[in-house]
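After this come two complexes, each holding subunit A, first together with subunit B and then together with subunit C.
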Partner chain A sequence: MIAQILIHMFLGCAVSSTVLYAMGSRGNANALKVARGIFSALALILLASSTILITLILSHDFRYTYVQSYSSADLPTHLLIASFYSGQEGSFLLWTLLVAGIGVILAPYARRFGYEGAAMSFYSLILVFLGLLLVAKNPFAYVWQTYAADGIQETFVPEKGRGLNPLLHNAWITIHPPILFTGFASMSVSFVFAMAGLVKREYHRWIDVALPWTLAATGILGFGIMLGGFWAYETLGWGGFWGWDPVENSSLIPWLVSVALVHTMLVQKRTRGLVKTNMVLAVAAFVMVLYSTFLTRSGVLGDTSVHSFVDPGKFAFWILLAFMVTFVAIGVYLVVIRSRDMNIAREDFTPTTREFMLAIGSALIMASAVLVTIGTSWPVLLEIIGQPKVAVATTFYDNVHLILVPLVFVVNGLSLLLQWRSSPLAVIRRRLAVAAVATAACTAVTVVLGVHKPEMIVLAAAAWFSLVINAQHMWSFITKSAAMLGAYVSHLGFALLMFGVIATSGYTVVHHAVLPQGVPTAVGDYTLTFAGKEQVEKQFRDREKFRYAVSIARGSDSTTVFPVLYYSDFNQRQSAFLEPGIRWGMIRDLYISPKATEMEDVYKKTTVQRGASIKMPFDTTITLQLERFSMPTTEEPAPDGRMRMSALVQVESFGVRADSILRVPTRISQTSTGMAFDPEWTAIPGTQWGIGLVKIVRDNENVDQSTADFVFRDMGKPLPTPKETFTVEFSEKPLIGLVWIGVVTMVAGFAFSIARYARQAAQRSTLLVSTESPHSGQQTIKANTANLHPNES
Partner chain B sequence: MLRLIIVSAAVVVVPIGIYVASKYGTMEEVTFERARVTAASSTESEQAPKALIPVTIILTAEQSGTGMIVAKDSEGKEFNLSFTGSEPTKPLLSGTSVRFVGHVHDGPNPYFHATQVYE
Partner chain C sequence: MNPKTLRVVIAIVLVAGLGTASVYFLQGSSIEYTNLQRAGQLGKTVQVVGTWDKPKGMNYDVESNIFSFTMKDEQGKSMFVELTGAKPNNFEIATSIVVKGRVEGNTLKASHVLTKCPSKYEGNASDLKRTT
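And then the complex of A and B:
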């Protein structure tokens, strides 16, 4: 109850701080002072709410719907903590907590630049909408509140929790979502500074203030996206690192817009051009976070995504829609009313300048964002026009990017060959010639190494062009100023990433293999042997999780990997949970994705209809007649609790009927594919043979049509162990390591740039603080810019 | 010049994007048998591909007594259909002709699991 009150208190505080910060931005110092206090209070309230939720999860308080739905008593601590954000409600709480936490750091930063009132009022408004979402999707609802319509009483406490989806039972769940949500949360900062810039009519200064934050948001979100890809590849057994699923795209779209924004901000910082573009992109980057959230959490995509959230209900749907529409309206309104002002310093760029190429590059990145948005929104667009809701094929994204990505690389390379403001043609020709020769040589090597598809050669050539030029620049700056390396390191990382994509998407070799246990099987150039399986994670009672030992040998080189396949009660055992087995390598990964498993039938089954007779397969002197079946209600349950049924069989030996009917019991359990029968071996009197009942097919309309399947064995011999057949997809994924190295390098480049521009911003704020009048700040900043490194800005 | 390039590109990208997406994001109407064949030829790593089947309902789920709708496709083949989508505006009565989107569950007793329904 306290937590529910806290959520409402938080919403009240968010509304108050929005109003008070807005009053503060109009010069009301007292309002500003109170707003600061309220903002700190709302952050504390959220911290308290989050602590309560964690405590409820850790103490297994299943009175709460959220705790009951996403956790269970058998989960280890790190997964219990991850349960916090595994559902829609908890992930909203985490997002809100992170926005508030960043706000606590942002407020004093904004104050240093004179942006506190304006920026924090917009920032608080974001929290208002998040607060409304928390009210609509309250993680502290009691079970009796959620299921009141089903007549659940207040006193009802569920015995156990549903638990966390077994797919999420790994370390990545504790790392990936918090980083991704930090990226999402920090994407709002450039938006609020842009809006504050518009309110204060400071169309250039906000760039300096917001640039380190924009870089940080882009870097963090990019890192979070990469971790998701790595998780999918390493643990989830999806076979790849990127599937163009709407949930993946929903992170990628704002990231792409933010990357475009970073580049256009740099252009404005240097040339004072692209003023309106930056405002629009700052709005777009944040709005795309909201739009993506709306797409994946409102239920509009339906079943066209493999892992979007379920329908959150009408109230949450409308809040999500209002959230998005409100911020689009605010952004558009402010940009339009300040439009004339912003054209004061308008200038056009000539094509032979760096700023021109950076603008074109940003436009290409935006084209990518637009096309991914169209693809992701496709099911919604179809629904609007009354057509069946279908997702676009992933080849749509692949094919459009086969055109866009090479262009981005070429434009990136050209932008670095050109200078700011103007570039003499002779200089351009000389630089271009050197880069072209190096690119041609590297591309030729790539072709010799086996890249032969034309589209891949074009992509590789473009990536080499960018890589060569960025490497040249890195080399020239590495001794002069390491702080300047950020952009080049990031571009280099992007090129490496693309080489990994070329190799793995164009040249992965996939084999389908059926591996009988203990039998070496030739698969491509390798010999695969399924050696056996071992049960792991026995503490979980919803599953029997097995890891399958598969050795991969080629020549004298041999290794064993352990893919995992199991069924769980979590999804009523409807489909298997899979984890791949990977042999990591510098040149290639060997990747085994489990597909299916089947037990060998060690006994030959014999089907008998009720009332009919059969000869026993091993001894034809014995005749068995299926008299009838016993009902489960007349049988004692098995010691393990399973239901029992029996076939009642009349045995006849050498034509002589036995005095009594033989009872042949079996244990029955319900599975997703029907009834499973576990025979209790029964000795046939006077013989060495045993009989087992392995299936009953009951015909309720005509009981005489009911049948039983029997199996037989020599009771003097031990039970044979049935062999298992393991079906897998075996792939050789060349140079996939470059994908991970490339992304880490990209993120490292962002880190360099954040440090550089944060330092510059700090220098400017110091100068601003030392001047009494805010108007004199502009002059001081100009003077300070003149003292920077000649290649900076 | 830059403005001209970017505005032109912006004007062109959206319609081209929608046109290209339409080439990759449509579903042809098929029969149940065709959907079964497509499902059987897909790799095991994927869920059976989605299919759009125009049908005439013969027996509603209630009438069939099995919880499944019995429907007839354009070739007149009858098959079982389980519908788990949101409640349609018009009831799915016997004799109604509609289009279902879903995928085939193959096996000894194949059926079509539909999640969307359209007129």
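And then the complex of A and C:
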């Protein structure tokens, strides 16, 4: 109850801090002071609400719908923590908490630059909408509130939680979503600085202030996206790391816009050009975060994704829509009313300059963002305009990027060959010739190594061009100034990533393999052997989870991997949960995706119709007549909870009828392939033989047509273990390691750049404080800019 | 050519080139949602929404890696489906399925089958009352 009140208090605080910060930005010092207090209060309230939610989850308080829906008592602590954001309500709370947390750091930073009032007012407005979403999708609703319509009483306490989807049971769930959400949350910062810049008519200075934040947001979001890809590859067994799925795309789009923004901000910093572009891109980056949230959280994409979409309800849908529309409106309005003003600062670029190439590069990255947006939204767009529904195949994204990515690489290489402002053509020709020769040599090696598809050769050549030039720049800066390396390191990482993509997407070899237990099977150049399985994670009662030991051998080299396949009560054992087994390697990963498993029949089955008789196969002196079946309702369930049914059999030995009817029970469960029968071996009185019931086919219209399958064995001998056949997809994925190395390198480059520009910004704020009027401050900065980059060409 | 003209030319070439290419790719990659009748006439890759015709059963052939079943579209027409791959997740409990594939003869050769289960990850009141 307290928590529900806290959420409403938070919304109130967000509204007042929006208003008070706005008043503060107009010079009301008292309002500013109050606003600061309220903002701290708001952050504390969110911290308190989050603490309450995590406490409720850890203490298994299933009176709360959210706790009941996403956690259970048998989860280990790290998964209980993940339950916090595994549902829509909790993930909105995490997002809000992160936005508020970043706000606490942002406010004093903005204050140093004189941006506090304006920036924090816009920032608080974001929190207002998040607060509305939390009111609509409240994580603290009680079960009896949620299910009031189903007649759930206030006193009702569910005995157990539904638990966390077993798909999510691994360490990545505790890492990937929080990082991704931090990335999303930090994307708000460049937006609010841009808006503050427009309000204050400071069209250049906001760039310096915002740049470290834009870089941080881009780096963190990029890292978060990669972790998602790695998770999909390593645990979920989707085979690849990227599938152009709407959920993946929706985090990629704001990232792409943000990457473009980083580059255009750099251009403005050096040349004072692209003023309006930067404003528009800063708005676009943030709005795309909202649009992505809308696409993936409003239920509009229904059946086009592997991710699950839960319809959040009408209220939340309209809030999400209003959230997006409001911020588009604010951005467009401010850019339009300041448009003439900003034209004064305009500067034209000559094509043979670095700034021109950076602008082209950003345009190409934006083209990618726009096309991915169109592709992702296409089904929704067509539906809105009343066209028949259409899905977009992933080939669209592949084809588009086979054009865009090589262009981006070439433009990136050229931008580094050229200089800011103007470049002497003779120097460029020499540099270009060197780079071209190196590129040609590297590409030739790539072709010799086995890359033969024309489009892949083009992509590889472009990547080499960029890599060669960036490596050369790195080399020349590494001794002079390590702080300058950021951009080159990131570009190098991008090239490495693309080499990984070329290798895995173009040259992965996939085999389908059927592996009977203990039988070495030749698959491609390898010999696979399914050795056996071992149960793991026995603490969970909803599943029997097995690791399948599969050895992969080639020549004398042999290794064993452990793919996983199991069923869980979470989805009523309707379909299997799968995890791949991977042999990691520098040259290639060997990847085993489990597909299916089948048990061998140890005994020969005998089918008997109801009312009919058979001779016992091992002893024909015995006759068995299937009288009828008992109904499951009349049977005690088995100790493990499975349903029981019995066949009632009349036994005759040497023509003499036994005194009593023999009950032959079996345990029944639902599995992926229908009903599964687990026989309870029953001794046939007076013999050493046992009988088991392994299948019942009921015919309700004509009961006499019902049949039973029986198996027989010598009760004096131990049960033989049936052999299992494990079906897998075995693939060799060359150089996939470059994908991860590439992204990590990219992110590392961001870290260098963040450090560099944060230091510059800090120097600037000191300068500003020491000067009286903002105008002379700007002058000083301008004069100082020239001194700050003596090394840059 | 002066710098200004060059800029304009580059801009036009980029926008026109990329625009044309993307429209072309988008058309090539668009996969229509349709019914079985039209899927048979079109003969190209489409998506068909429908349900699994349960009484006709299903089969996964381990050797050929083909999962087969019969589907019924929203108009009630049914067709035999062969999916390359194993049985899709939640196949039996799906309230509807989306089959992506191409009709060859009297068989819908599918590359993907998406299953739709509205309550997949959401609790409901009856779940609450179920106890261990």
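Everything below uses one rule, namely that the second predicted complex is superposed on the first by the 745 of 793 C-alpha atoms of A that agree within 3 Å, B and C clash if a C-alpha of one lies under 4 Å from a C-alpha of the other, contacts with A are read in each partner's own complex, and residues count from 1 in each chain.
Just so it is clear, a contact is a pair of C-beta atoms (placed from the backbone, for glycine too) under 8 Å apart; a residue touches a chain by one contact, two chains touch by 3 or more.
In this text, all values refer to a predicted model and were calculated from it rather than measured experimentally.
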{"item": "Which superposed partner A:595 touches (first subunit B, second subunit C, both, neither)", "value": "both"}
{"item": "Contacts of A:378 with subunit B and subunit C, given as first, second, both or neither", "value": "both"}
{"item": "Which of subunit B and subunit C A:386 touches, first, second, both or neither", "value": "first"}
{"item": "Subunit A: partner with more touched residues, subunit B or subunit C", "value": "C"}
{"item": "First (subunit B), second (subunit C), both or neither touched by A:143", "value": "second"}
{"item": "First (subunit B), second (subunit C), both or neither touched by A:571", "value": "second"}
{"item": "Which superposed partner A:152 touches (first subunit B, second subunit C, both, neither)", "value": "second"}
{"item": "Partner chain in contact with A:403 - subunit B first, subunit C second, else both or neither", "value": "second"}
{"item": "First (subunit B), second (subunit C), both or neither touched by A:166", "value": "neither"}
{"item": "On subunit A, positions contacted by subunit B and by subunit C", "value": "302-303, 348-351, 356, 360, 363, 367, 371, 374-375, 378, 388-393, 395-396, 399-400, 512, 595-596, 727"}
{"item": "Complex contacts: residues of subunit A adjacent to subunit B", "value": "239, 302-303, 348-351, 356, 359-360, 363, 367, 370-371, 374-375, 378-379, 381-382, 386-393, 395-396, 399-400, 512, 593, 595-596, 727, 729"}
{"item": "Sites on subunit B touched by subunit A in the complex", "value": "1-3, 5-6, 9-10, 13-14, 17-18, 20-21, 23-27, 43-45, 50, 52, 99, 101, 115-116, 118"}
{"item": "Complex contacts: residues of subunit C adjacent to subunit A", "value": "3-4, 6-7, 10, 14, 18, 21-22, 25-26, 28-34, 45, 47, 60, 62-63, 65, 85-93, 98, 100, 114, 116, 120-129, 131-132"}
{"item": "Residues on subunit A engaged by subunit C in the complex (per definition of touch)", "value": "65, 68-69, 143, 147, 150-152, 156, 158-160, 162, 165, 302-303, 308, 310, 348-351, 356, 360, 363-364, 367, 371, 374-375, 378, 388-396, 399-400, 403-404, 512, 514, 541, 571-572, 574-576, 595-596, 598, 672, 725, 727"}
